[in-house]
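Listed after this line are the structures, all set down as structure tokens.
Both complexes shown next keep chain A, but they swap its partner, so chain B is in the first and chain C is in the second.
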Partner chain A sequence: MAIYSAIGSSITRGEGPDKVTGKSLYAADITLPGMLWGKALRSPFPHARIVSLDTSRARAVPGVRAVITAADLPDSLVGRRLRDMPVLARGVVRFAGEKVAAVAADDPAAAEEALLLIDVEYEELPPIFDAAAAMSPGAPALHPAMSSYEGLPQPPSGINNVFAHITWGQGDVAQGFAEADLVFEHSFNAQLMHQAYIEPHACLVSAEPSGKAQVWVNNKDPYALREQLAAVWGLPEERIVLHPCSIGGDFGGKGSFMDAPLCYYLSLHSGRPVKMVMDYIQELMAANPRHPAVMTIKSGVKRDGALVARQARVVFDSGAYGAFKPTVYLRGADHLCGVYRIPHARIDSYMVYTNNVPKGHMRSPAKPQVVFAVESHTDLIAREMGLDPYEFRRINLLRDGDSSPVGHQWREIRADETLRRAAQSAGWDTPKPAKPGTLTGRGLAITDLSQGVGRFAARVSIGASGRPKLHMAFWDTGTGSHTVLRQMVAQELSVPVDEVDIELLDTSEMPFSSGSGGTRVTYTAGQAVVGAARELRRQLIRAAAPLLDSPEEDVSLHSGRVVVGPSPQRPAYYRTIAIGEVAAHAPAANHGEAGIVAEYEFASEPPDVTSFCAQAAEVEIDPETGAITVTRFVTAHDVGAILNPLLHQGQVEGGVIQGLGYALMEELQTEDGHISTLSFGDYKIPTSADIPPLTTVLVEGASGPAPYRSKGIGESANIPVAAAIANAVTDAIGAPITNLPLTAEKAMTAIKNRESGN
Partner chain B sequence: MPPFQYIEAESLDDAVGLLAESGAAVVGGGTDLLPQVRDGIVAAERLVGLGAVPGLAEISESGGGLVIGAAATIADVAGHSGVRRRYAALGEAAGGLATPQIRNAGTIGGNLNQRPRCWYYRSPLIPCLKKGGDRCYALAGNTRLLCVTGGDRCYIVHPSDTAVALSALDARLETAGRGGGRELAVGDFFAGPGRDLQRENVLEPGELVVRVILPADAPERSVYLKVRERESGDFALVSVAAALSFDDSGDGGAVIGQARVVLGGVAPVPYRAVEVEEWLVGRLASGVDPAEAAALVLPNATPLPQNGYKIPMARNIVKRALASLLGNE
Partner chain C sequence: MVKLKINGTEREAQAPAQRLLLDFLRYDLGLTGAKEGCGVGVCGACTVLVDGELFASCLTLAAAIEGAEVTTIEGIADQGRLHPVQQAFIDHGGFQCGICTPGQIIAAKALLDFNPQPTEDEIKQWMMGNLCRCTGYYGIINSVAAAARNTRNNAPRQPTDD
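Let's turn to the complex of A and B:
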């Protein structure tokens, strides 16, 4: 047992002091000699043909060094997987905010001025904004060349504007409905949401005369981005170097290439490094927000409450392009049937082109949408059958040995225990608080989240200073992952966490690593880092054994020293040597310094366990104003070992708060493809005054796939929140609200409709 | 951000002189003005601050009432003991608006003169009528947050919470300008789009608000209630300031003397519910049914497609405000 127990301690963030004192460097902070500022001209129309584009007046602006349009670029498309997006619109614009031309100039003001002098003539084309309507045969086909795009998950299904139709399920749904006593069907809508990270997208690209491209960008997935850039720029990957920078919030939104492909062409055409920084109007108008969804679920139930069949359908509005999705479709849609035992289930998910802003990933992609639908549906069935929603869930929840509706077989299914602990903590079996003049309600919701997979390369070194150093090309998006990885090194090498340093390398210095996302980091990066640290430990012991005049098996690490203790053979023998001294004896390894280096690569497999999250909300509604107040919230998590309680709790609380915003207020309002909420005054995220008292229940004891049997926690807390609150609102009003967010105005309408018996 | 010059006026005359030049604008905390300059909605090359003009950042007693300098911060207004004691609606309106940061930086002059939040006005991409453009884009778009009465080609609601409270408290505003100054009732200060599409009040170019005067004889009991979508940093969906004074009925009861009921969030100006006020005056306080009074609110409202919810919401909070003032909850 190590003396320092780094794992399990509430270690504060290593980068925290630099962030709060302004020392951290973000992409927008980096400057290069001769650097220019890039700006893009965006389309004011959601769908139009570009009749003509004249940049001559813009070129004449003093200080302008390059003005480019699609005509200046190779005819090549970009995408995280599906390559369907031009770097600059070519002949046609498909959403309001699409980039049609770009300028690089000595200063931002000259670039802005030049943008105003670019003359574009558009001919408006009939737009389509409703995803369901876009699927009808008569709707305009927005991507006639769809079948030729690289990266489609399967050949197009032939449904108009649908570029991914993915299904999941098991059994035979028709047979299931034939066996059912009762059938229920409900439809739900989830809104367009922005990730609301503090730091807008920014990049700096230098296209060097040597043919290399140096890139600083606040993208969390540098190796994946390098592949995307190589493909669109037509450069070999080795010629593209992505440099580390701090990332000011992600929530899934920082995985897309955004302006980086364009910035390179500005640099190429001007012969100078170019920086582009989006402002918040552009962020809210044209970044990569969360998909709105229209969902319908039909369930067949036995009279005793057992589910026998479920047929579910979700239509996602992808917007003008599918380029911002790493898997083209959204895997999380496989949660649309819930965490129940349903022998006959089928999910159809459609990813549809429209003339709205292109969507990307946001924290647990698709799951908050579909879990809102399925968990609301679950309560509505229970209400209609006169069952307690908690009991109805317990009848159907997955248990050990069951297969999930989409065929997953997990060990250690702790759904029931997690739900029970949430209900217990919320006082589910006690009477609801009665407050005169208000409506009160309680609601439950549950989901699961299994950890994503990826690859990771880590290197750990130790030199004469004795301070271990973790080398990797992996940026912390603000979750604290670097701190947890340092804890792992500290644990394995038995040194205090604050003696472990991190050296961030650029992408040319390390093999491929997956970026942050998909609740994968602690698992995949963690296993690689632990692997490298253990290898280093073995090497240290091997190198120390002769210095200590002992066989390797008698040597161990304690408090930063290699130690040999008394053994039956040598009862009085005790010698130690500092690890730095061992390293100093080693031959030059790292940058020519004496030391020991170990490297480890890890590719994770889909884990055979999942993790459940059950939540309970209590709400109070003012029937005269419709104001909904969440008075109490419980979040229960099926967890393994907790590596850092402080950071773990940070993810739980942040997730709940983000879910609360989704449930109650956050919505990018669109009208005919234009976003109207273009500031944080209009796009409302919760403030500290909106946060209810929160109880976190950790259902410990599971064995996760991440190091020390832990599980990831980055996404689950934000998934069931909207469903739990919606169910509490339904309970309070006696009638459901089936479209998010749950505003005062919708509550007033629901109350009125219930009173008038509609 | 376009470059601009910031000058602190040393005296009122200095301010008036600086503001006489084109491209100049008066600035308080800049919390409303600067984002508009940044987004290109307002062009201003010179911002003139009032904080250094003697007396303008202060709140003082005068003739039994209070005088608030235009450069006094919203936080100072909210925290002032005289305001809290005598002009409760103003204290509540100021103390609950925006966020602590904005209340610390924002001024009462800026709050009364802030521009509408209508997002068609605020979007740099939309040439709406209020900015001299060709039409109101809201009418064909999202009308959820717009007015239910008083619209005329433009359908904004006035965003200021303090304006609603000051109107109920019968406050007066003192202005200064090239042609000298004037004093006018808050109710006469604000003006809807029927008068001028591009402005929300009667100030002439170069004219500024100097002081807010709270009269000694304002109704003694007042309250401010506000419905909003989040607890902080959010404008009113609907708000109400109600103020009542009571006379002795002669037989031990109290009769309503003055009554002021003013709504925010429903009209391009603070909206006086005169029908309710008239109904209340002269009634025995103990005999008033708040619901009956509230039913008179907004008799001629013409809601837009998505904002009909504001009418029951307004009636309900008027009822609640009266009940709390009358103690008949």
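Let's turn to the complex of A and C:
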């Protein structure tokens, strides 16, 4: 029986003291001797031809060391997979905010001044802002060379401006609809949203005379970024070194290369290290926000409430480029049919070019959008059929042995239990609180999320100090992953967690590792770290056995010592030796001091188990103003072992409140292709005064794919929030709001429409 | 030349008249604890104390507060001993990525200096000016409440000579 002492404890973050004293260094905090400041000039037009570009006046500004345009760069495109984006616009700009030129200067003010003196003549072209319109045959093709781009997931579909048309499903929907007694169809819209990490994108690049490039950037996926940079710069990967730094929030948005490709050219042309930091106006205008989506779902249902067919379609506005998506399309769109048993299902997802800002990933990409749609649709069907939304879900929820609408065969399906626990905690079967003068409502929503896959390399070493050290090239985005991984080392080597150190290496010092994201860290990084720690344990035992004059089988680790004993249960061991002493006897390891080193690489397989998250919201609506208040929120999670309750709960709470912002207030608004919400004053995110009373329900006992049978928690809590709140609003008003966010204005319209019987 | 007393030490540096306090701290003095988020006085990441009052350093000209006493996150711990607010943020999940944390801690310290026993509602209202995208605020509110409790519990034992 394993005794998990380090695992399951609310260990506080090892980097805590640095974070609370201002010592942690983020990309924008790092400086190099001789460093210059880089700034980019952005297009004021959403679609235009660049007629001429004159940088001579800018070059004359004192302190300016380099001014570059596309003419100074190799004609190559960059992308996380699909390489469709120029580093600087070449001949044409495709969104308002696209970079057309860049300056490096001794100080930020000189760089700003120079930007103003760059003369660009544009000839405006007709823009397309609506994804559906962009798909129509008559619309101009925004990327005429699309079929030549590297990284397309499939040959172009032939639909205008569509660079990825991906489908999922099972069965035969035509047959399914023929079997249905009733058919329902609804359409939904999800808005453009920003990740709103408080730390803007920043990078520092030094193109050294040796031909090496040293890079500090708040990117969570350093090895993937190195590949992207190598491809666009035309450098071998070994010549590019990414250095660790703290990342000030990610939520999917810090996986993109952003200014790093450009910053290198400024460094190359100036011969100096160059730092580029986006200000928040640029962040809101031209980073990589969450995709807006237009979704339609049609379902065929039997009279008894059983779903037999579902056909769903989602159009994502990718904006001007697809370069910020690591899979080109959004895999999460496969959730558009929900977590129900539906024999005949089909999803069509389209990724479309427009002249809007290019989109990227945000926490569980595509899922908050499509789960809002499918879970709202679920409630609307239930209402129209006169069924309780909870009961209607229970009739159709996936159970053991079922295949999901897109053909996944999960083991240990805990959808029903998770939903039941959420409903129970929300008092679903008790009367709604009646408050005179307000409309009150309750709503439910459920989804699932399986952990993503990747590769990871971990090294664990131990020297004479006896403190194990975990080495990796893996930056924390704020989740506390480093602490959880230290807990795993502590567990395997039987030492207290605070005796495990961490050393963050740069990318040249370790093999490839996937970055943080996709709820994969505890699984993929976790298995690699546990693998390395176990290997180290074996080596310690092997090295200690002769020192203890005992066979290896009789030797084990206990509280920082190697012990000999007939059984670990025996209270006293007759011979022991400190692990540091064992390490001191070992020959010098190739990575430094005397000691023992173990390395382990792990490539994860798609897990055969998923994890459900069910939520319940209670709302109050002021019928005079339409103001919606969430008065209570329950989030229930299908979890395995919890490695660190404090950090686990932090992920849940942060996810719920991001979902709340998505549901009720956040929207990047655009006017003719220009984003008009350009500060946190206009782009409102939740504050401490906006948070509802929250109950977290942990439905424990699952066996996840991550070490100690745990499951990831990074993304799920943010997914169903908007759907649960939307369903509560529908319940309160008696009519739905089908486009996010659920503002007071939309609530008023819904109330008026219901009163007038529309 | 701008001259300020920062975390108890007189500091001066050559800076243009338009230099913002945030830039003065970060670039002229190399004190990178205060962060730039929004840059327009909304997010609170750049919060510092100026003569004991909360200031958005991204909106304040360094020259305009010439001679003032400025406290930044680097000056909150007492000779390496964390302030109770700092310790509480570690113990109660008050931060995740940490980018908002310097501002949160300065704001929380100012609250407790002014109101040592705030109610939960008072904490929520006071901390509204400091955005956090990671925690959903629950951990921050718990941290501030815990710091208030700890300060109270420790009060009788506080030495009188420092």
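Just so it is clear, the second predicted complex is superposed on the first by the 743 of 758 C-alpha atoms of A that agree within 3 Å, B and C clash if a C-alpha of one lies under 4 Å from a C-alpha of the other, contacts with A are read in each partner's own complex, and residues count from 1 in each chain.
Going forward, contacts are C-beta pairs under 8 Å (C-beta built on N, C-alpha and C of every residue); 3 or more make two chains touch, one makes a residue touch a chain.
Source: prediction; values computed, not measured.
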item	value
Contacts of A:Gln669 with chain B and chain C, given as first, second, both or neither	first
First, second, both or neither for A:Arg13, with chain B first and chain C second	second
Contacts of A:Glu745 with chain B and chain C, given as first, second, both or neither	first
First (chain B), second (chain C), both or neither touched by A:Glu624	first
Which superposed partner A:Ser679 touches (first chain B, second chain C, both, neither)	both
First, second, both or neither for A:Leu25, with chain B first and chain C second	second
Touched partner set for A:Thr687, first chain B, second chain C, both or neither	both
More chain A residues in contact [chain B versus chain C]	C
Chain B versus chain C as contact partner of A:His335, first or second or both or neither	neither
Which superposed partner A:His361 touches (first chain B, second chain C, both, neither)	neither
Chain B and chain C footprints on chain A, overlapping residues	109, 281, 679, 681, 686-689
Contact footprint of chain B on chain A as seen in their complex	44, 109, 281, 624-627, 664-665, 669, 671-672, 674, 676-679, 681-682, 684, 686-690, 743-745, 748-749, 752
List of chain A residues in touch with chain C within their complex	12-13, 15-17, 19-26, 28-29, 31, 109, 195-200, 246-251, 277, 279-281, 477-480, 646-647, 649-650, 653-658, 679-681, 685-689, 691, 694
Interface residues, chain B side, partner chain A - complex	2, 35, 39, 99, 117, 119-120, 122-125, 140-142, 144, 227, 229-235, 237-238, 309, 312-313, 316-317, 319-320
Of chain C, residues touching chain A in the complex	16, 26, 30-40, 42-43, 45, 72-74, 76-77, 82, 86-87, 89-102, 105, 123-125, 127-141
